[in-house]
Every structure is written in structure tokens, then in C-alpha cells.
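After this come two complexes, each holding chain A, first together with chain B and then together with chain C.
Showing the complex of A and B:
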């Protein structure tokens, strides 16, 4: 019941954002504006799916943005220097991204190093490798069809990449809320030791989660490269915090055991449309950051209140 | 030159006569939270006021991320396209990543002007307002050494990274100037400080230990190494014995200029850069970039008339702000960036 209430709050916030922003600028409610704004939220939205699951297990993955950049560079290198078709190069780079995620998973589960420490280290390492491989220069000149995948829109209106996000969000939601795997994820977040004793394959689930996080970062790297028409080692710099912010705003508890994909997706939408509306209303960027921060604090305070009430009601 | 002036006046008069409609210009710097970009904003707003007084009203909006962030810059530009500005003035955080969104703007019929930092694809923008050419910067640095030490000076350079593109172009330009104008000047060595203060300081110390007293001048074409070279010379007690110059902002070098260890700091004037960018964007939107004998000219307000270079140092459609600016003890306090 509690999660239902959280999403209800988020939906109200989203509607409130729409109402206020439509008063602040006449362009905000245009369909073209709303859909185009979503193009820039796709990578965040996709990476928020595995990030939600990781945070539900009381873990965190700080390396996603660096992994995205590394995958972007690897895709460019495979395409340009090995002469492999760009789409296949993109898939290969996504798999390498999954490998980078698997390395996180292995370090966390085998060596029992806390996720925040492991991914903080690989955040620096993956970005460093990406910069070294690219020597600070971008790889450009991708085929038109590939660039169109990131820059074009269906019927001139719906960005193609949005469909991938929707598909991944739906699959992620079903996996987390309906499958056995999803129940394992929550069990680990609630009580890892307890889960271990009730035969939950804790290490395996965690390993899969960090690998998935890497895979989605790699896929986002491919989408990102198509969108900006270049492989860049500085891609999505600082983006890991945007993803985590959206997930936390979406009601996922940073201490684990609680959260879902619908909430995280609403979190991404709220941040995206809030910033879009404030840009159109010509609100300076420094004030925008403050407003996003205030919304985040209000949301979290209301969650703890809801949580307290649910506790009182004996749930 | 007189012909140009008359020409400029005519443009101004025509524009007043037309009592033109208001146009919308958006300006997006790399980021807003630095004195350098505050200076470009100041210049841009001065140009907007001037044009308004001339009967050329502009709905001007200056916005950007508060810290350097390519993603945010792309998002801001993309969002603002929905308001159909007539022109965009952009300083690109990333020369490649900004290309698609600027191309999209051009497809919508928006005039795109880059300033300060251009994009890699010239078809993604109409004009680049360049702060200073590589050749001019290289020439000014060498000329300063020649004037202050002599045409037979022995010099050393402390640069950034061996692969730093801008620094290498400046060093090439310096060598070219030496060859053409001061054949007896000698470049002893180039050391690299990798744009890190400690390494730059070390590089300067190594040079002094290895070459002084057969060393007359050190040039540092990077704002990280320049103050560190000054520190090293001060520490060696060679103030006044070794001439130092280079590229940096007045704020980086104020202390050393006041101390006297550095006499000249070379850069450009960012206030003028922002000012000129607005004039170019305004002229491009209103069709005020005129062609005379196959060469395009644009009026830069109080800065004068500017030629639009079809190609300059590998970049197409460039408006060049002018010769580099030299900051010294007499003028450095007028600048805060």
C-alpha cells in the first residue's frame, strides 16, 4: 500500500509541474517541446532501471556515467579502427559495458568490498581508460542511419530512442515487482543475512544486478553517441548523480528494501520537465538547481511521513 | 579605411531608417560562473543596449549552466529552440557534442554564431567570432621579447601538454615569427608542465638551472604555467634578469604584474568578444552583412568594421576580434576576469 501512495504523490508532483510550467511559458505544453525534452532523458531513464534495483539491495553504482563514456569510446574504436558495422559495434560495446559492470559485481561479491567503494574506484578508472583510449579527442563521422537513431524522430515528433526506454522500463518494472528475481532483490535489501539463510543466492543476484547496470550503461553509451554524433570520453560527466537523484526522488530508499521502477521513471520525468519548464521560463540555472533540490527534499520528507503513518497503521 | 567608415555609417543610417522589428537573440556561454564569461556577458549586454538605441531592438537572453557541463548546455539549447530565437550565440563546451543540436537550430532557420570556442563542423554554425588568431598571438609574444630584451634574445618555453593542440599551434606561430623577423633569436628548449602547477614550477626551475645566465626570456603560453614561471624566477632571485611573458587572465597574473616580475600579460579582451558576437548575430539576422568586391564585411559597433574571413587558420566563416590585448601595470586593474 505504501508504494502505491508514493507513486500517487509523484504523479501529483508531476501534474503540479505541468500546471505551473504551462503558466510560466506558452511553449511548455506543446507536444513537440515535451517529446523533444524526453530525448535528453532517455539515457538517465534507462540507467535508472538497474540503478533502482541496485539501490533496493542497499547498494549503489557510481560508475554508470564513466561506463557510458567508456562504452561510447569503445564503440567508436571498434567501428573506426576495426571497420565493424556501427550497429554491431554498438552491441559489442554494450556487452563490454556489461563486462565492466560484471567486474564491479565480482569485486563487490567476491572480495566483499562495499559497493560505494568499488564503484567510486571504477568510476575514476573507467573514465580514465576512456580518456586514455581517446587521447582526449572524439570519434565522429558515424553513418547517417545511426545518427538518425539518436537525433531523429518518428513522424518528426517522437524521438526513436524513447521506445527503447519505454521497453526497458516496462521489462524492468515487471522483473522487479512480479518475478522471483525481484523478490530476491527486495529480500536482500530488507535483510541480507536473513536472505542468505533463507536460500536466496545473494552473491549471484548482486552480480547479475551490477552486470545489468553495466549493460544498460553501455546501451546508453550507444544511444548517447548517436544523439551527439560522436564518441566522447567526457560523455555524461557527473551523470551518475543525476540518475541516483531521480531514483531517490522516485521513492527508492537509499537504505534498501524499498523502491520500484515506476517511481524512478516518474522521478526522471519530474526532473526533466521541471528543468525544461524553468529553461523556457528563463529562470537562471543556479536557481533551477535550488528548485530541484527543494522538490527532492519535500518528496523525501513526505515519504518519511507516509512511512511513519503506515507504520502506525501497523503495515 | 575611410571607405569602410563611410560604409559603416551608411549601414547604421539605413537600419535607423527601417526602424526594425525586435529580434530574439539567445546567448549560451560554456558556463556562467566565471569572471571571464561574466565579462563576455557585460560586452554582449552593452551591444544590445547600443543597438536598441539605434532602433534595432533585441529581446536578449543570456543563460547557461553555472558550471561547465556539456550535457546541460545541449539540453538548455535544445529547450530554448522551442522559443524560435532568431539567433543563437554559443561558446561550445565540447567541439563535437554540440554539433547535432546546433544543426537542428540551423534547420529551423536560426542564425548560429559561435564565439570563444567553436564547434568542429563548420556547417553547424554560420559564423565563428574568433578571439585571436594563433599567428597573431605567437607574433605578439615574440615581439614583446624582442622589444624588451632584444632581437638576439635566447628564450625558453614552458607549455602545457606535448599534445595540447592550442599550445602547439601557438609555439609554431612563435617559431614562424622568429624565423621571419628575428633570425638571430634562439629557442633553447621547450619544457612541459602538463597544466599542473607543481610540474610547471619544476619545468621553469629546470630551465633556469640549466641555462641561466645564457637565458634571457621565458614564454608560458598557458595560464597554469605562466604564474608558476613567475614564482620560479622570483624564487631564484632573478626578478628583472629574466623577462617573462605568456598567456593568462589578468586575475591569474595581477599579483606578479604589481610585483614587477611580469611586465606584460597577453590575452584578448572578453568584454569586446561578447560585444562583437552580438553585433555579428544581429547583422546576420537582419541581413546587414554586406559583400564588397567578393569580401563580406560586418559592422562591429564601436570596434569598427570587420572582414568576414572565408577561411582563417583552418576555420571557415570567421570574424576575428583583432590583435591580442596586452595587460600591463597601467591597465590591469580595469579588468576583473
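Showing the complex of A and C:
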């Protein structure tokens, strides 16, 4: 019952954002603006799916934004310098992203280093390698059809990339809430040692999760590059904060064991429309990052309070 | 065997310096060494604060942004000719205040400091970009730069200040009971609680101290220049964590030494300078930094594993 309440609250918050933003700017409520705003949410939305599962296991992946940038640069290099078709280059780069995620997973499960530490180090390393490979310059001039994938819209209205997000969110939701794999994820988050004794393949599940997180970061890198029309080493800088904020805002407990994809998706929508509205109201980017930070703090603080109260009531 | 880690670090430092000197004679000049010490001085105090935070079992990602807020507001005060002593009080006080906010939220709501400081990192950086409008603070008075350029016995003031505080801290950490508590909380929360040590108090004070040290780093780092950019201190938290981990502090808390961190800082800045001398482009700096953190952590874990296997 409590998860239902949380999503209800989130929906109310989303409506509140809509009301406030429609007062701040007349442009906001136009259908074309709302759909266009969603185009900018696709990468965050896609990466929030595996991030939710990772955080449910009481883990975290700080390297997603750097992994996105690295995949973006690798795609550009494979396309430009190896002369491989851009779509195949994009798929190859996504697989390399999965490889980078698998490296995180291997260090976390094999060497038993805390996820926070591993992904903090690879956050620096992946971004650094992207900067080094690109020499600080971007790669541009992708074929028209590829750019259209990131910049075009179905019927001139609905951005193509949104369909990928919807598909991944639905699959993610089913996997987490209906499958055996999903039950393993929750079991690990509730009590890892207990899960291990109940024959849950803890290491394998975690390894798969971090690999998936890398794969989605890689795919997001491809979508990002198509949207921007360039491979950039500074792509999505600081974006891990936004993804984590969306997931935590969506009601996933940062200490694990609780969370779902619907909540995270609502979290992504709240942040997206908040930023879109602030943009239209000409509030500077610097203040937007302040607001996102404050939203994260409020979300953590209020959920810990809520959790503590429910716990007391339960007793 | 007691000096194991520190000895290894010194050895790596000497081998690296000799190698670069061999490839590129002129590396081991007074000028290069002074640059290395100056860069170390800027990082040292934050790295010491970070050492204590990590020993207590937490992580603080906000120090780069805290340093920026302290450096820029201090520079703006300097434009009004506020005396240097007051600038130090302001910068350290403000840093401590911002650190205390991190500490309060962390302790009151029982959330990992890392998440709180991740938010604080975005909030303070966004704030300072808004406050300055992205512009640099320029036209600083002469006495501002005098702090960074005055030399005693051939070394500049920041080097003296940072390294004397560093050496002082080695002894303070051994002598003051509070720091014993920091180790206790980091190595075993429950045992520390049974001993009557308040985990909340330790976390709060360590985060406040880290803010204060970032505030003092702010003046040491900013006073070297006449121009203060609003992105000053970006990435400081990673450099500090890298130096601390390389210096042998256990990233999971409970174990670590200030002297290791001082050597870690020296090693990291020597590596940066070596990259310049070896003609490796600066775009690779961050990649090296990340991989060094990774290698340091992996070697630590493998060593700990070997030790526990040997015990069995």
C-alpha cells in the first residue's frame, strides 16, 4: 500500500510543477513544448532504469555519465577513423559501454570493493579517457539519417527516441516487479547475507546489473550524440547526479530494498519539466543546478522521515 | 615493517623522479621542485581533511565547491581591502559553516554523507556561478598576491603554512582523543557505540573540520593568482580522494595515516609534473588520475586479502 501512496504523492508533485511552471511561462503548457522537453529526458530516463535496480541492491553507479561520454567518443572514433557505418558504430560503442559497466561489476563482485568507491574511480577514469581520446575536441558531421534519429519527430511532434525510452522502461518495470531476477534484486537489497544463504546468485545478479547500467549508458551516449549532432567528451557532465536524484526522488531507498521503475520515471519527469519550465522562465543554469541539488536533499530527508514513521507504526 | 606503505611511496617517488630526470635532465631543478611543492600545498590541507573523513567511514564530495565559495567571496572582500587576518577568519569560518551543514543533514537524517555532499557539490557550485555570473574576480590588490608570493628561505608562504599544518596534524592525530574516536567509529561502529563514542558527533565534527580545511586551502590556492575563475577547485574532491587512497588510507574507513596522505599528495603532484616533462598531453591528466585511484584501491584490496589468507 505504501508504494501506491508514494507514487500518488509523486503525481501530485508533478501536477504542482505543471501548475507553477504554467504561471511562470505561457509557452510551458504547449503540447509541442512538453514533447520537446521529453526529448531531453530520454538519456536520463533510460539510465534511471538500471540505476533503480542498482540502488535497490544498496549499490550505486556514479560512472554512468562518464560512461555515456566515453561511448559517445568511441562511437565517433569508430565511425570517423575506422570508416564503419554509424549505426553499427553506435551499437559497438553501446557494447563497449556494457564492457565498461562489466568492469565495474567485476571489481565490485570479485574484489568486494564498495560500488561507491569503484564507480567514483571509474567516473574519473572513463571521463578522463574520453577527454584524452578526443583531445578535448568533438567529432561532428554524422549522416543525416542518424541525426534525424536524435533530432526528428514522428509526425513532426513525438521525438523518435522517446519510443526507445518507453520500451526500456516497460521492460525494466516487468523485470523488476514480475520476474525471478527482480525478486533476487530485492532480496539482495533487503539482506545480502540472507539472500546468499537462500541460494540467490548474488555476485552474478550484481554483475549483470552493473553491465546493464553500462549498456544503457552506452545506448544513451548514442542517443545523446544523435541529438546534439556531435561526439563530446564533456557530454552529460554531472549527469550522474540528475539520474540518482530522479531515482531517489522516485522513492527508491538509497539504503536498498525498496524502489520501482514507475516511481523513477515519475522522478525523471518531475526534474525534466522543472528544468524545462525554469529554462522558459529564463532562470540561469547555475540556479537550476542549485534547485536540483535542493530537490535531492528534500527527497532523501523526507523519505527517511516517512520511512522512520512507517517503521514506528509497523512496530 | 611498520613503515611499509610510507617506504613504498617514498621509493616510488624517488624512482619516478630519477626516471624523469634521466629522460629529461632538468626535471630535478629547484624550480620544478618548488612548483611541485606549491601544487602540493594547495591540495594538502583538503587531503588531510578528506583523510579524516574517509577514516571515519564517510566521503565528502563537496570540498571543491566549498573551496570555490570561500575563495571567491574572500577575493571579493579583498577588493574592499579587508585585512588578510580577517580574510583567513572569513574563509575558514565559512568553510566550517558549509561543512557543518553537510554534517547536520548527514547526522540528523541518517543518510550517507556521500549523497548529502553530492547534492552540496551541485548546490554550492551552482550558487557561486550564479553569484559571479560566470565572471572572474579580477584587479585584486597587491597584498592578496603577497600571501602567495612572499618567500621565506626560498619557499613561498603557502608551502610553509600547508606543510607545517600537515606535520602538526601528524602529531595531533596521535595525541588528541577525538581522533582516536574517528578511527574507532570508522573501524567498528557498533563497538564504538558500546564504548560510549557518539558516531553522530564524530561525523559532524569531521565534516565541519573538512570544510574549515577547504576554507583555508581556498586562500592558499587563490592567493597565487591575481584572477580567480568561478570554476576554481573543480575536481578537487577527486584529487584529494586519489591522494588519500594512494597514501594508504583504507577507503572503507578505520585505517589511515596523515603521513601517508602527505606522501600521496607529493606523489600525485610529482606525477602531474612528470607528465608535462614527458610531453604527455594534459588532456590525459584525468585518465591517469582515475586509473591511479583504481590501481591503488585494487592493490590495497589484494594486499588485505593476502594478509588475511596468511593469517589463516
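Here is the rule we use: the second predicted complex is superposed on the first by the 281 of 315 C-alpha atoms of A that agree within 3 Å, B and C clash if a C-alpha of one lies under 4 Å from a C-alpha of the other, contacts with A are read in each partner's own complex, and residues count from 1 in each chain.
In this text, a contact is a pair of C-beta atoms (placed from the backbone, for glycine too) under 8 Å apart; a residue touches a chain by one contact, two chains touch by 3 or more.
Note that the structure is predicted; figures quoted are calculated from it, not measured.
In the superposition on chain A, A:145 makes contact with neither chain B nor chain C.
Once the two complexes are laid over each other on the shared chain, residue contacts for A:254 go to chain C alone; chain B is not touched.
In the superposed model, A:286 lies in contact with both chain B and chain C.
Note on chain A: of its two partners chain C and chain B, the one contacting more of its residues is C. By the document's definition of touching, neither partner reaches A:85: not chain B, not chain C. Contacts of A:125 after superposition: chain C is touched, whereas chain B is not reached. In the superposition on chain A, A:135 contacts both chain B and chain C. In the superposition on chain A, A:238 contacts both chain B and chain C. Once the two complexes are laid over each other on the shared chain, residue contacts for A:27 go to chain B alone; chain C is not touched.
With both structures placed on the common chain, the touch criterion links A:301 to chain C but leaves chain B unconnected. Common to the chain B-facing and chain C-facing surfaces of chain A are residues 135-136, 238, 284-286, 289.
Across the complex, chain B meets chain A through its residues 32-33, 61, 63-66, 69-72, 74-76, 78-83, 94-97, 99-100, 104, 120-121, 163. Here chain A touches chain B in the complex through residues 25, 27, 30, 32-33, 36-37, 39-40, 135-136, 138, 140, 147, 150-151, 227-230, 232, 234-239, 275-276, 279-280, 282, 284-286, 289, going by the rule given at the top.
Contact residues on chain C toward chain A in their complex (touch as defined above): 59, 105, 109-112, 114-116, 118-123, 125-130, 134, 238, 241-242, 251-252, 281, 283-291, 293-294, 297-298, 301-302.
Interface residues of chain A, counted against chain C in their complex, comprise 107, 111-114, 116-118, 120-129, 131-132, 134-136, 238, 241, 244-245, 248, 254, 284-290, 292-294, 296-297, 300-301, 304-305.
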